[in-house]
Each structure stands twice: as structure tokens, then as C-alpha cells.
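What follows is a set of structures for review.
Paired with chain B in one complex and with chain C in the other, chain A is shared by the two complexes that follow.
After this line comes the complex of A and B, so read on.
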């Protein structure tokens, strides 16, 4: 191994690490606010990438029908709840968010032929299809169980993951796809060539992380999420709706996931089930951070990316083993240095 | 309500006992999970198969094993005990097929596998005498590659394959044959189907500077190392295996796959075969039927393995019918004997000539070398 190879491996590791960092942040966010270990996070990566790829192949992505279907289901359940609760005033809101919004998105997709639009517009449309699925999944699968134990929520996560992977296979087929890169540019950096897309991944990740930081520090909604994360009951007594916090965190997680997928789709082939492994590595990073600290999660993600990249050079057959074994020393160290508060009993 | 469901139950019970006289074919494919890209065209192919053979009605019961061995075993038992099938066709992948061998032999029911490994049918022993298979052995394909490499002055070869049974099987077969041909294996790397980056492996391979590189992966995931190699400026020859022979691979790999060489079943380039080739007609027959149902360019070589299994069956049924009625033990034994006696059966992937020691029955007519040129498969003479 010489310096050249080390640099190339380092570059590769940091690019992958940036994606894992985004996913780790989303996982930490969702867990902190709702106590859900969000295994389906990876599915949003695949849905985002493959929806965009479907546009570029001139097809109507199946996720569009999922959005419409989930919207109708959510609207149906919420309407019944609203009428029962004697609050018909909520119906207007329900109709707007769960029926009108998906219908508008569907109308745009079917009418515009997204494959012919500029890339930025395609990305916006793909996000418009995938991101609303986040709060809808929360409404259908998690909200009725919001007070359940972490274990129950984890089991629900597994179920949601399997359902979404199955739907992914149905929508996109077994074979993978790639999308056109955001930029074809190449830069020479000493002996190293850097692709435009690589810079896009790094830049977008950095911007997103800073934006999240600002969101939590400066906005009312961000502070509401933090309050819920720190003390659910306390936050509720101060008038912060747990349901709102849950939906908002799932919207953010879906948005981060889908956008990560769109970022990596030009550099690697994305399959209907790619997201799971990518999400799992984000999860390793989130574990390193103890599922609480954002900066530690980002650092852990870079570590996972680098470890993966270098181990694929030295011992490619054991790459996954090495990456996932990382959890064990981290857990040992965590359990030795932190004191436990049993949540249930 | 209760009476209604009782009637439904009675009627359906009636149809089951009526159907008992038909030939029942149990099919197990991996239509979901990691092998879905192989299993789906196979599943589609069974919908095109004849509904009557030699005047008898044929009923196909198609189950999915989710590329999972446990599910494959469970579903095979279900087919054998509940549906009382006369023959089992499946499964798509080697681990599942190997697990099914015992169960089929125990039930004394013939089984036709659509998976690649030679171990499924070799050696033909007390259990494997019930088992047949349609895809070419990895050895046959490995020999085709090493032959081509030898003819093109390749001295050093690097290998990168899936870190599963597919990659491992290829490494074992290929490295053995390559050594015999005095080629030097300079690197052996692995990657995962779901990997998003193979930069590390590719850099390591390129540091050994091989004349040729063999990528042993199936479907579109095999495009990832190739794209990485081109991106890092590799100039030598790149070989793929027949696992990539579907059009999705060309779509994903694009211009990075120009000039790639691979061995494949003749069905992949059927239209380019000379008219004198006996396989041409039977292969085109399958392609025509499949593309009529699923659109042009949709055919894949994996579906053709399923088609060949159907041809073997259709060829064996008339002889078996003389031995006993469908559903009987005699019929199943007769079917086994007839399958073993298959002679000169022209199928989509070659010509089948079974013997009591060879339950595959394909010869070198079952493989051709193919090159990717201009985004198309081109037959190499």
C-alpha cells in the first residue's frame, strides 16, 4: 500500500461515511423523539433513489401509488377519529394533507413526464413522492402504539421494514438502477482525481448537518422536538403534541433518507433492498453515539466508512464482519462508562 | 353464512379430488429475496408451459421460497405431502436445491433443479438418482473462459467474486482450471451483492497488474466492480460469468461494459447462431413465446433453464404414463426412468443426453462465448 492508494481509500471511506452520517443522524433523531429504532430508514434511501431512476427511465414509479394509497388510508382512519371525537373541524386539514397533496403530486408526475425535466425538478418531485410517506408510516404503524415499550416499537419496525422491502420489490423489480450524476466534472487534486458527484455528496451532507443543527437550535419546532426527546411528559404538559413531534421527526427522517438515496444513486447501483445494509451501517454509527449524540454519530459514521474502505482493501471477504464487529467493543465500552436507567419494569 | 362456507368447502374439495387424476407439477422458485432477478423470469416461464401433455391435463403449483433454504424445505414438504405432486421443479439457487434433494428422494419423487452447482446431481447416488438439473455446470463455463484466456495470451488473472456460494464456487473451479493452463492467479477478492463501493478491492487488484480480471457475480450487482475498474483506468480484459446474462445488466453497466467477455447458454444469442446449430430453433421458440407475453428484450437465460425443465418433463411423460396413472407411485418412478433416458432433446440451452451417471446431460453445445459490443450481446466464433 502506498500513499496514493491510502488517499483513494480515504476518499472512498469519507464519501460513504458522509451518507452513513446522514442516516445515523436520522436514526438518532427518530429514536430520541419517539423511542423507535427506525429500521425502515434504509427503505427510504432505496425509494428515493429508485423513484428518481424510474423518472429517468420514463416510467411511473410505484411509490406514487403507495403515496396515494397510504394517503387515503390515513385520511379514512383520521376522519373516523375526528368524527368520533366530535371535531369535524379537523376534516379540512386531513383532506388537505392526506388527499389533496398526494393527488397534486400524482397529477404533476403524470402530466409533466418528469424524465424530460431538469434534474433539480426531478429530485424535487421524487422527494415530494417519498417524503410524505414518512409521517404516513408514523400515523399508520407507530402512532397507535406511541406509549408502548421500546421492544414493541422495535418489533413494529421490523414488520414495517419487511413490508416496505416487499413493496419495493413489487414496484421496482429485482434488478438495480443508477441515475445520471449531478455533475460530470472531474478535478485533479495532486495525484488524486475527485468526481463532481463526490463533492456533491460531501457538500450536501455538510449543508444538511448544519441545517439540522440550526433547526434544533433556532426554530420553535426544533426546540419542541428537543423538548420531547428530553422529557415526553414534560413536553406534553407544556403543550407540545407528541403526535406532532413524532410526525415531524419521521418527515425529517424520510427526507434525509430519500435525499441520501438520491445522492448515492449516481455512484453506485441501488436495489430495492440496498437501503437495509446502508441503514444498518448508519445504525452502527448511531450506536457508537449511544443513540443520543449527533456529533458523535457523525464521527462514528466517518469511522465506519473508513474502516469499511480499508478493510475491503486488506480483507475483502471479511469486510462486513469487521464493520459489524465494531459494535461489540463499543457496547462494552458504553456499558462500562455509562450508568443504566431501566426504562421498563 | 356458515352454510355458504360449507358449500364452498365441499365444492373446492370436489374440485381437488377431480384434479387428482391430472399430472401435478410442484414448482419452487426464488421469486423474492436475493435471487429474485433469477427467480422472476423462471416464474414467468411456467405460465407459458403447456397445460396438457400427451392428452393429460397438467396442473402447475408455483410456490416462492424467498431465496431462503428453510422456506424451500418447508414448501417442498408441502408440495409433496399436501399437493401430492408427481414431480418437483426447483429451486432457483444451489443451497435450496441441495436441501431439497433429501426430501424428494425420501418421497421417491423426481426433482429437476434450475440451479448451477454440479453437486446437486453429481455423483448420482441412492438419493440423487431422483434428481436432475438443467443449467450448465460451473466447470463447463470455467473451461470456456480459460480456453478463451489461453487463446488470447493471458498469463496473469485476478478474481473478484460474490462473498457467497456463487463466488466461492467459481473461485474453486476457475482457479483449479486456470492453474492447469499455466495461468497465474494474482489476486482473489470478494464483494457483497449489496455493496455500495468496491474501491478497496479494485485498487488491490490493480496493484497486481493482471492481464485479465474475472468478475464472478450475478445480475446487475456484477456491474459495480466493472464500473469501478474502468473508473480507475484498468485497460486489460474483463471477463464476466453467465450470471450476468440479462438485459438489466447492459442497462446498468452501460458503456463501461463494452468489450466484456462471458460464457453463456446459446439462448442468449440464439438469433446469431448459424442455422446448422440444432439449438437455434428450440431457443428461438422459447424467446418468441416469452417475449410475446412480456415484451421484446425481456427474455433472460434464467427463464430458459425453467423452460428446459418443462421440455424434459414433457418429453418424459408419455413413457411414464405407460407405467401408471398420474398421482401413483408407479407414475413417479416411470417419470424418473424416462427422464434418465432422455436422448437428443433439443432445448433452449443445448442438447440433453441423460445417462444413469449423468443427470445433467449437456455437452459443449450448451455454451458459447459472448462479447458485449455496442450495448448488445455478440456471439464470438
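After this line comes the complex of A and C, so read on.
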């Protein structure tokens, strides 16, 4: 290995690491607020990428029908509950968010021929389809079990992952897709060539991380989420709805996931099941951070990205083995540093 | 006999099955059997023990690849390969268990996902295991000269193995070790205080589940006669867990129901879904995912409990057989100092919960620890019993320093306790709850429990539990669910549980709370009798009539420190105590 290759691998590792960092942040966020270990995060990555790819191939993405279907289902269940609870005032909001919003998105997609639009508009439309699925998934799968143990929620996550992967196969088929890069530019940095897309990934990740930081530090909703993460009951007594917090954190996670998918789609071919492994690597990073610390999660993600790219050079067949075995020393270190007798719920 | 009728019918049908079923169904039943073996391990691990694993498929792979490799590359006998496979699996499970079992709840399942993926990719990338194409030409299994060539012949082997595993698991759960396993989910801290080594118990069930999976893999390899990595991937691991959860993860038969249902459903969905969607692919996962979510939302116990309710089986009257009493500890002579606390201090971060605490308890006396709420009495209890060790200071029990020991080791030395917030296993019977207290008075392990070779010891343990329950006045409730008792009686149950460990020092945390007047009198009578037998009793209690009528000496605490000590009548007149309870006179 010479310097050239090392630099190339390093660049690769950092780009992937930036994506893992975003995912790890979303995973830490969702776990802290809802205690859900969000395995389906990877599916949002794939849905984001493949929805955009479908636009560019001139097809209507199947996720649109999923959005409409899930919206109708959520509206149906919530309306029944609203009527039963004697609160018909909720119906207007339900109609707006679960029926009107998906219908407007569907109308735009079917009417505009997104493939002909500028890339930025395509990205916005793809996000408009995928992101609302986040809170809908929370509503349908998790909300009825919000008070269950972490383990039950984890099994639910695995079930949601299975269902979404199957739907992904149904919508997008088994073939992978790539999308057009955000920028075709190339820069020479000494002997190293840096692609415009690389800079896009790094820049967008940095911007998102800073935005999240500001959101949690400076906005009321950000603080509400933090309060819920620290003490669910306490937050609820202060008027912060746990359901709202759950939906909001799932919206953020879905947004981060889908956008990550859109960022990597021009670099790697994305298949319907690619998201799972990508998401799990975010997990390895999140576990390094003990599922609590955001900066540690980001650092862990870069480490995972670098480890992955260098091991793909030395032992490409064992790339996944090496990355996922990394979790073992991390767990050992965790087990040596945590000393409490725990009592499971 | 009537209760066993459904089981008999099932066994007869199972035995006759291959004689008239077409090949397709025999194959299906073979797979159901193989999957059930793995799911059975998960019932023990997840449903009963509360430890979730998504990685069981990897252990199946270890068993299958061990025999695949050793029989083809080295020409070893499949039976030797089975032993090697079990050894390798046990080694891997012990290492993984050691690394992950000590961590809090969700790290274990996450760890299992990670090593599930790692092992899968390892199988697919190791040259000597044939890479992604796998190994072919695995020999036919020979059984006393009988070659198991066809699925029909193999059928009996699979089902005999499965049913004997079911029986062994059932036996295990109905034993001393089984009670320890059942206590893991929701009663870990209590079990440790009763002397159960929960870390070892967790490792044991993790190991058993892995070995079951390994045997299933070994059978699979010789049934298929080739192996490749596909059936050992993470998704299959998830499917195994899914089988256990849907079938009823807390019941051994739930494993069979779940495996059967999922296998048949998968077969059916794989047939019809591609026709409906007009393309091929594993679309059944969509339905499995949705179904699992619905099961967890609507019927978290799974299908088995629901099936049981359909078949009205009358529970026969259960009795506890008379058995020889267990050997008893030699009681220290009355007046011997049992417990000595010196300069104990307990700090939670910046909060000092106990400071400069000194007290002693002698054999044959009742020492009461009283004080207003929040004075640090229960914290002191937790320090003494090793549940939450002191920050500094010295605690001696029978002359030996115990402040560095775990609650389990302290229990072994003859200290019994109850908890302020009752810690019972609410769905277990009163009798079994109390029998956990006698855990340290038995010694038979998992193997003899699975074979039910420990019935004599078990009978003595249960008889002891019954004797203690009768002693505290709960003799009429032996087979009730512990959670169905009123709170006051649950506290009394905890006393019986502590007594069945045959302690010489008893720590009682508010034993009279929630009792009616006559019950309190009976309790006081019992405690007097225990004192008469030479037991030392340390008592935290708010009912002053109860305390003052019973205690030999009293220690009063406020704000984590001792403010007074002496005979009951002295303490009652102490102005410092009066101020603490009633406020000062202006």
C-alpha cells in the first residue's frame, strides 16, 4: 500500500463514516426518546435512494402508494379512537396530516413528472414521500406498545424491518440503482482526486449535525425531546406528550435516513436491502457511544467507516466480518466500565 | 390421565404420520421438527429467561458446518463430528455469553445481530468450508447399522430428539435450577439475594439454547447432505425468534406451535405471493413482519396460552409430598454478636444516604431500626445484605467482614432478608416462590434436573417451603399465584422465603405494613418464637406499637445518621427522638 492508496481509502472511509455518523445520531436520538432500537433505519436509507432513482428512471415509486396506504390506515385508526374518545376536534388534524398531505404529494408526483425537474426538486419530492412514513410507522407499530420493555420494542423493530424490506423488494425489484451525482466536479488535491459528491456528503453531514445541535439546544421542540429522553413521566407531567415526542423523533430519523440514502445513491449502487447493513454499521457506531453520546457516536462512525474501507483493501471478503466483530471488543470495554446490578422491567 | 389425553393423541398421530402421509408433508414435518429444536432453546432463553437472541441461526450453522467439514474433508464419523460441533458451539457460546450477558438488556440482542452477521459472512468466505457454494457429499447417518437414507427414516430421529429435548426442558423448568432460571426475568436482584448466581444461570441457558441449535444444525446437515451459508443468516435467526414469540415464548410447546405455524405459513405464502405480485421474491417477510407486530400488540403471550384455554384441562389437586427435613445450620448461641456495622457510609453521587452508622445485632434478640421516612433505613438494609454495598466503613457478620461480598455470598453465610417493595415472581405459585429461598440448601445441577434425577432433593426443598409457609400462616395458599395475594400477605410470603434459607440473622423491611390487627399479632408471635430459637432479627417498621412491644433494643435514624439507641422505653423518652418524629417545641 502506498500513500496514494491510503489517501484514497481514507477518503472513502471518511465519506462512508459521515453517513454512518448521521445514522448513528438518528439511532441515538430515537433510542433516547422512545427506547426503540430503530433497526428499520436502514430501510429509510434505501427508500430515500430508490425513490429518487425511480424518479430519474421515469417511474412512479412504489413508496408513494405505501405513503397513501399508511396514511389511510393511520387516519382510519386515529379517527375511530378520536370518535370513541369523544374528541372529534382531532379529526381535522388527522385529515390534514394523514390524508391531505399524502394526497398533495401524490398529486405533485403524478402531475409533475419528477424526472424532468431539477435535482433539488426531485430530492424534495423524494423526501416528501419517505419522511412522513416515519411518524406513520411509529403510530402503527410502536405507539400501542410505547410502554413495553426495550426488548419487546426491539422485536417490533425487527418485525418492522422485515415488513419494510419485503415492501422494498416489491416496489423496487431486486436490481440496484444509482442516481445522478449532485455535482460532477472534480478537484485535484495534490495527488488525490476529490469528487464533488464527496464534498457534498461531507458538507451536508456537517450541516445536518450542526442543525441538529441547534435544534436540541435552542428550540422548544428540541428541548421537549431532550426532556422526554431524560424522564418520560416527568416530561409528560410537564405537558410534553410522549406520543408527540415519539412521532417527532421518528420524523427526524426518517428524514436523516432518507437524506443519507439520497447522499450515497450516486456513490454506490443501492439495492432494496442495502439499507440494513448500512444502518447496522451506524449501529456499531451508536453502540460505541453506548447509545447515549452524540459526539462519541460520530467519532465511532468515522472509525467504522475507516475500518471498513481499509479492510476492504486488505481482506475484502472479510470486510463485514471485521466491521461486525468490532462490536465485540467494544462490548467488552462497555462491560468493564459499567458496574451496576441492573433490574430489568 | 384425562389431562394427558391431548398429548397422547398428538404423540400417536406423530408416530403414525410417516406411514400414510405423502413425501411432501413428511419433509415439512422434518423441517418443523428441526426448527422447533432451535425455537425450544429460544423459549428457554428468551421466553423464560428474558434474554433475546437473533443469532441462533449461527449456532445451527456451527453444528451443520462442523459435521459437514469433518465428515467430508477428514472422513470422521458423524457422531464424533457431533461431539466436536457441540464443543465448538459451547466454546463460542461461552465466549459470546461472557462478553454480552453481563450487559444490560438490549446489548445482548444487538450483539447477537452482530455476530449473527459475522458468522454468516465467515461461513461464506472461508475457503475450506466451500465458500458460498458450500459443502456437498455429507454422508448418510447410520444408526446401529441402520442407514437413514430418506426423509421418512430421518423423521423419527428428528422427532425423538425434539421430544426428548422438550421433556428435558420441561423437567429442568420444574426444578431448583428451573426456579432460578424463571427468576431471571424480573427477579434478578431478588434471586441474587436468595443465593442464586444469576450470571451463571444466564450463561447456562444461553449455552443450552446454543447446543440445541447446534444439534438441529447437525441433523439438518445429514438430512440435506449438503450445507451452504444461506440457512444460517441473520434473517433465519430472526425467523427462529419469531417462531418462539408467535407460538408462545414462555411455554415449551409454544416452540412447536410457532415453528409449525410459521413453516406452513411460509410454504403457503411462498407459493401464492409471487403469483399475486407477479414477480418472485421473499415477499412472505412482509406478512411475517406485520403478523409479529400484531401478535406483540394484541397477544404478547403468543398462541399457546390461547390454545390451552380452548382445551379445558382440569388441574388435578396438587399436594406436596412429605419428605425428610433438610439439614439445618448450627445456630450461634444466644447473645453471640451476629452483625456489627461500624462507621458505615453510603453515598449516591453527592447524596449521603448513610453516615457514621454503628449498630449490632446479637443472636436471640430483636433489634428495631426506626426513623422517619427517608432516614436511610432501607439503604442501610441494602448495604448490610450486599444488594448495594457501602461506600466506606466496615460490616461484619459472624466476625467476618462482608462489606465487599455480593448479596449471594452473604446469603450463603446465613443472612436472610425481605424487601420493602415486595419482590416476588407474581405468576409463580406461592410454594415455588418460597422454594427459591431454599436455593442454597440444594446442590443438584442442570443435568440431573433435566433428567429428573434430583426428585428426592426437590421433594425436601418443597416440603421445607411448605413447612415455612404453614409456619407463617399461608398454608392454605400454597398453589395460588403469588401475585394474587393481598400485599400484606405477600410480605409475609417474603418472610417464609427468607426462613426457608435457614438463616441465623433475619432482616425484615416493614413486615407488618398492610397487615390487619390479628395478622400483626400472629406475626409478632412468630418473631418471638424465632427469637426464642436463637435467631437474630433486624427489623425496620413504622408501626410503633408493633415495634415497642417486640424489640429488645431500638436504633433511631434521621437524615442517614443514628440519633439514638437503647431500650424501647428509653428511646421513647429521648428528646432528640421526640423532636425527630414530632418536631421541636418552640
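Basically, the second predicted complex is superposed on the first by the 340 of 345 C-alpha atoms of A that agree within 3 Å, B and C clash if a C-alpha of one lies under 4 Å from a C-alpha of the other, contacts with A are read in each partner's own complex, and residues count from 1 in each chain.
Keep in mind that, in the parts below, a contact is a pair of C-beta atoms (placed from the backbone, for glycine too) under 8 Å apart; a residue touches a chain by one contact, two chains touch by 3 or more.
All values reported here derive from a predicted model rather than from experimental measurement.
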Tell me which touches more residues of chain A here: chain C or chain B.
C
First (chain B), second (chain C), both or neither: which does A:169 touch?
both
Report for A:122: first if it touches chain B alone, second if chain C alone, otherwise both or neither.
neither
Quick check on the superposed pair: does A:197 touch chain B, chain C, both, or neither? Answer first, second, both or neither.
neither
First (chain B), second (chain C), both or neither: which does A:205 touch?
neither
State whether A:320 touches chain B only (first), chain C only (second), both chains, or neither.
both
Touching A:249 in the superposition: chain B (first), chain C (second), both, neither?
neither
Have a look at where A:309 lands relative to chain B and chain C in the superposition and call it first, second, both or neither.
first
I'd like to know which partner A:63 touches here: chain B for first, chain C for second, both or neither.
neither
By the touch definition at the top of the document, which applies to A:274: first (chain B), second (chain C), both, or neither?
first
Check chain A for residues that touch chain B in one structure and chain C in the other, and list them.
166, 169, 173-174, 277, 317, 320
Per the contact definition, I'd like the list of chain A residues that touch chain C in the complex.
37, 140-141, 144-145, 148-152, 154-156, 158-167, 169-170, 173-174, 277, 280, 283-284, 287, 291, 317-318, 320-321, 324-325, 327-328, 331-332, 334-335, 338, 340-345
Complex contact set, residues of chain A against chain B
5, 8-9, 12, 15-16, 19, 166, 169, 173-178, 264, 267-269, 271, 273-274, 276-278, 308-314, 316-317, 319-320
Any idea which chain B residues touch chain A in the complex?
32, 34, 36-37, 39-40, 160, 163, 189-192, 194-201, 203-204, 207, 219-221, 223-224, 232, 246, 248-249, 251-252
For the complex, which residues does chain C have touching chain A?
50, 52, 54, 96, 99-100, 102-107, 109-111, 113-115, 117-118, 121-122, 125, 185-186, 188-189, 192, 235, 238, 241-242, 245, 277, 279, 281-290, 292-293, 296-297, 300, 387-388
